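Each chain carries a letter (A, B, C, D, E, F, G and H) given by its place in the written order, and its residues are counted from 1.
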Amino acid sequence: MATNAKSSVAVVMGSDSDLPVMETCIDQLKDFGVNPIVRVISAHRTPDIAADFADHAAANGIQVIIAAAGMAAHLAGALAGRTQLPIIGVPLQAGSGPCGLDALLSTVQMPPGVPVASMAIGKAGAKNAAIFAIQILALADPALADKLTAFRKAQTQKVIEKDKGLQQDKK
Amino acid sequence: MATNAKSSVAVVMGSDSDLPVMETCIDQLKDFGVNPIVRVISAHRTPDIAADFADHAAANGIQVIIAAAGMAAHLAGALAGRTQLPIIGVPLQAGSGPCGLDALLSTVQMPPGVPVASMAIGKAGAKNAAIFAIQILALADPALADKLTAFRKAQTQKVIEKDKGLQQDKK
Amino acid sequence: MATNAKSSVAVVMGSDSDLPVMETCIDQLKDFGVNPIVRVISAHRTPDIAADFADHAAANGIQVIIAAAGMAAHLAGALAGRTQLPIIGVPLQAGSGPCGLDALLSTVQMPPGVPVASMAIGKAGAKNAAIFAIQILALADPALADKLTAFRKAQTQKVIEKDKGLQQDKK
Amino acid sequence: MATNAKSSVAVVMGSDSDLPVMETCIDQLKDFGVNPIVRVISAHRTPDIAADFADHAAANGIQVIIAAAGMAAHLAGALAGRTQLPIIGVPLQAGSGPCGLDALLSTVQMPPGVPVASMAIGKAGAKNAAIFAIQILALADPALADKLTAFRKAQTQKVIEKDKGLQQDKK
Amino acid sequence: MATNAKSSVAVVMGSDSDLPVMETCIDQLKDFGVNPIVRVISAHRTPDIAADFADHAAANGIQVIIAAAGMAAHLAGALAGRTQLPIIGVPLQAGSGPCGLDALLSTVQMPPGVPVASMAIGKAGAKNAAIFAIQILALADPALADKLTAFRKAQTQKVIEKDKGLQQDKK
Amino acid sequence: MATNAKSSVAVVMGSDSDLPVMETCIDQLKDFGVNPIVRVISAHRTPDIAADFADHAAANGIQVIIAAAGMAAHLAGALAGRTQLPIIGVPLQAGSGPCGLDALLSTVQMPPGVPVASMAIGKAGAKNAAIFAIQILALADPALADKLTAFRKAQTQKVIEKDKGLQQDKK
Amino acid sequence: MATNAKSSVAVVMGSDSDLPVMETCIDQLKDFGVNPIVRVISAHRTPDIAADFADHAAANGIQVIIAAAGMAAHLAGALAGRTQLPIIGVPLQAGSGPCGLDALLSTVQMPPGVPVASMAIGKAGAKNAAIFAIQILALADPALADKLTAFRKAQTQKVIEKDKGLQQDKK
Amino acid sequence: MATNAKSSVAVVMGSDSDLPVMETCIDQLKDFGVNPIVRVISAHRTPDIAADFADHAAANGIQVIIAAAGMAAHLAGALAGRTQLPIIGVPLQAGSGPCGLDALLSTVQMPPGVPVASMAIGKAGAKNAAIFAIQILALADPALADKLTAFRKAQTQKVIEKDKGLQQDKK
């Protein structure tokens, strides 16, 4: 049910400077009728809050956590070590350095036993994290599954129309 | 229910040469009582079978698909374009070249709209794909959630014992 | 014959946002008198159209397909799995991340059995894809071969003139 | 015609130490009934021979050139600058250094105007270079096109059988 | 004083499989008369123990912590978020993937506010972590400073002797 | 004591063009009441001054040296070879090339025996170098340790307030 | 003798678009009283001119060749294969792709037998190529050696003055 | 004159463990009749010796210095900062980490003003360093120039014979 789903996703980011990119994620979730809990929690600057958040996430009704961070992006992994809820990691390009590859490797190369599901670097990953969370929730929520089907159809249709538009321009 | 869960995960790999690594994944799923469907399907050499598999996966009762491939690892993305089930990608080190980074980037850098959840490269990713699939299924399966809790406790306990063992050796 | 050649090349791109770069390719083809079919087809968002396009490309008189995409660039590989026509891949820099290396590795590191011919990342690759397609067609089209010879002579001449210009500036 | 096709492909490598990898390419061509000209020509140690080879390749009936080299792999590019025949580059892992990425970038990142069609690094690329050459030749050679169709069917069949074998093993 | 110094360094590693490399570190510390506390603590599998260890490290008389881990190496960063003691990180090559670059970037690219001092990847870093810890302790421990001076002199002498040996061999 | 601490840190940079980034470091030190010695010394252009500086640093009362450089960043290593004081390296993005990875690897990959403690690339590393220097000095300076504790509390508080701010904005 | 030296260096670049960066090189040579031959020659678009230039360089009084190119930078290697004069390569960042790493690896990773002396990517390398050429010529030209000594002293002095300036600003 | 040339090249390496690779360099020099001075000097462990060596190299009759090191390879740069003799750097793969890319970037990315001429990573670079040194010396040594010409002819001949051998094997 949509109401139940509304509080089932948390979007956590390591710094409020990540918000401009992560709004793509939040907006995508809202388009599916899922109003996420949004938090700024730092694995390094507020580790107790991160621990507390992860420890009580399941009890607080959260089903999927999206965690975004840049540089040595530990946030997703830190939460993954404390809850068995699925954690989706969004590596962000931040600071100086190798184009977000640092955040990608810090997010995806988790040791055996404690998985994090990594999305692409930056905005594409932020949007896809929302969709992947919905894909998980939709397994047990037929209404959400229907919305997802509609979303994908619309997405397909948009490409078809751009393809048609291109043919028209060519005439 | 465990019986229902038994057929809910599919492990697909692009080549039978991926089997030695992916057995880590299959064995981990079986340890949780989930007997996965295991398939060798190539996005490039058997694209029709890949399409057919993805198109009917949901109807066939599959809830989560784990897709492993090396090099320009398209398998997970190809399936993700045809089903709204959650797809977990496992990038494998194969052929000559940059240490599995090719497979990682081909798996994780999915364009906005069609997510793949990437795990780490190789064996660690193979094992974690199984655990992440279980984490998804456990959201709706309390028995599986209990097994997951037990698994994580045992895993924690193993580290504690190794830590103790090290202290003993030092004496 | 030029008329026959006019419909022999298809330029396919994964998103209409790739058009500014790929116009270099289209214009280069037109300079050779080859008016390409231009399509926006996404391996992930319109997989059925991609399959249909590849399955009928040869029957529709297409002889060479140029496929351009960014990020986890699967388009060229997806088409290559469904037609035995030569596929030329153009990796594009898109989204956040490692400077187009993701698209390059996703395009070039094809597994044994299903080749994609990769060009350079971005505009240089877009232009060269057109020239390489002409090089293939010219094998069976003497008129096109003559145009190609003229194109290369002109290209050589341009460098010679720039070299001369530099000598003049120095006086 | 098969006889004509037999001398239509040249396989050139920068060093005889590349032969063990390139035999995959030569054998694959022979499987299609194409007996390639095989040469050891170094862009740096025998540049005159390289120039002479490229300058007369077309007149000698060659239609496609496969050029393989490691490290700062210039061979394919050096030939491409002297003939308008399609050049297929195979980057090889050689010497110390970054896993063949040096050869890949030296092969694929050709400047606008002079394309090289790059395959994957190493053995996979060696095999695919042969298949891609056949794909080009098959455009004007129906018998070769039929062989290619048969090859691809057999290749698909092999994956299907391995998939079946896996199902059997599981019983 | 040596006795006091003996418990002033902790060497923590994420897995007992890191021990063979980290023994280089432990042995080097012992050579300086510093008998380190050695622990196996996983940031992801035993996060509570990691938190507890870091929270009480200073009170337990520890002055410098050396933390070694591979892959998405979070251990050093996780401890750094919970104690103001200097943390020295040793990135290790582990699992499949990019040659320890994952561990290096996960260790060194710490966000502003919570530093980790990264050493080189693997054995060289393990040995240098010990020496760097001694360099810190030596600031307040003249006896240790003297040992360090002696160590460096011996090290210099060893290179001089190898240089001489080479001259002799040449004769 | 604060007065004593005031001259205990040196901030050395390879070029005055590094100053805009390194001011983050200098300001952070001053916030802790530590007024650093600031020098422009090039390992390559003023090697004698570098040697002289390192040789007399300890005698001049310096306890920790922060060395920042870009490209083939040798400064930190050059100083480390001549003093047993702890050297903190800050790799900077400079010139053309691989996003500061050149400076990072030149700084962190020190051979066994002569450690440099590397921070992150650029501004984050510049700030963290200051904090890490303070963490070292604080081991023997309770007043500084108290300032560090206050700094970290304030830092934690800032994240908490941004988190709260975000919750408010959402209402 | 200065007059003799004036025509002893050639600066060759693959495209006139490289001129803005290479003017740093040309100006540096002129500062030493060496007026270089400056040419635009493309290894791929004017291979005959490149061959002719290299074949006659020594006879034309050239002693050192500086060759600059971007992407799959073959120019330096192509010349090196045809003359035993020392070739200095300057890799340039051009087109899309990995930050000049393509040009660096194409320039530096020369196979055994045919060396190219690679400088840094971009402007730093352009300037250093000039200085390195002067260092070679100075071996047999005492006047040039004196200029080089003066240049280096001035360079050292400039750093010393910037260091002093910084101390002044601080007062 | 050969006798004079015999002491004109120095081969310096950072560790005696580099000797197996650098023997390729030493042997190549000897093949040209140049008996190099061979030294083990560490930029970090014997900095005074490195400084002394560089300061007196020219006076000692050395004309070209070849410097080989691995990891954060500072040796070539450290010498280049102290002598205006041409320095040829050989980056070596050593320790754990990114396949010698660390040594390459530490060697080649020298800041403007102090060039190092980098060769390829490992054995190929070791051999080419010798040849490049000979190319420099040959500018003022006609006998050496003749040997170089003979060397290159023999090298060309060897490739030609391997090419012929391949044609024979094929019969």
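Before moving on, here are some points about what is shown:
Everything below uses one rule, namely that contacts are C-beta pairs under 8 Å (C-beta built on N, C-alpha and C of every residue); 3 or more make two chains touch, one makes a residue touch a chain.
Please read all numbers here as calculations on a predicted model, not as lab measurements.
Path length between chain B and chain D in the touching-chain graph (shortest route): 1.
Looking at chain C and chain F, the chains that touch each of them are A, G. Interface chain D/chain G: over half of the residue numbers present appear on both copies, so the contact uses mostly the same residues. Between chain C and chain H, the centres computed from C-alpha atoms are 42 Å apart.
Centres computed as Cα averages put chain G at a distance of 19 Å from chain H. Chain E has residues 15, 42, 45, 71-72, 95, 97-99, 101, 104, 108-114, 120-121, 123-124, 155 in contact with two or more other chains. A complete list of chain pairs in contact reads A-B, A-C, A-E, A-F, B-C, B-D, B-E, C-D, C-G, D-G, D-H, E-F, E-H, F-G, F-H, G-H. Against chain F, in their complex, chain G makes its touches with residues 92-93, 98-101, 104, 120-125, 155-156, 158-160, 162-163, 165-167, 170.
Residues 14-15, 42-45, 47, 51, 70-72, 74, 77-78, 80-82, 94-95, 97-98, 101-102, 105-114, 116 of chain G are the ones that touch chain D when the two sit in their complex.
Taken in their complex, chain G has these residues touching chain H: 63, 84-86, 88, 104, 108-115, 117-121, 123-124, 127-129, 131-132, 135-136, 138-140, 145, 148-149, 152, 155.
Interface of chain C with chain A (complex): residues 15-16, 19, 38-42, 45-46, 49, 71-72, 95-99.
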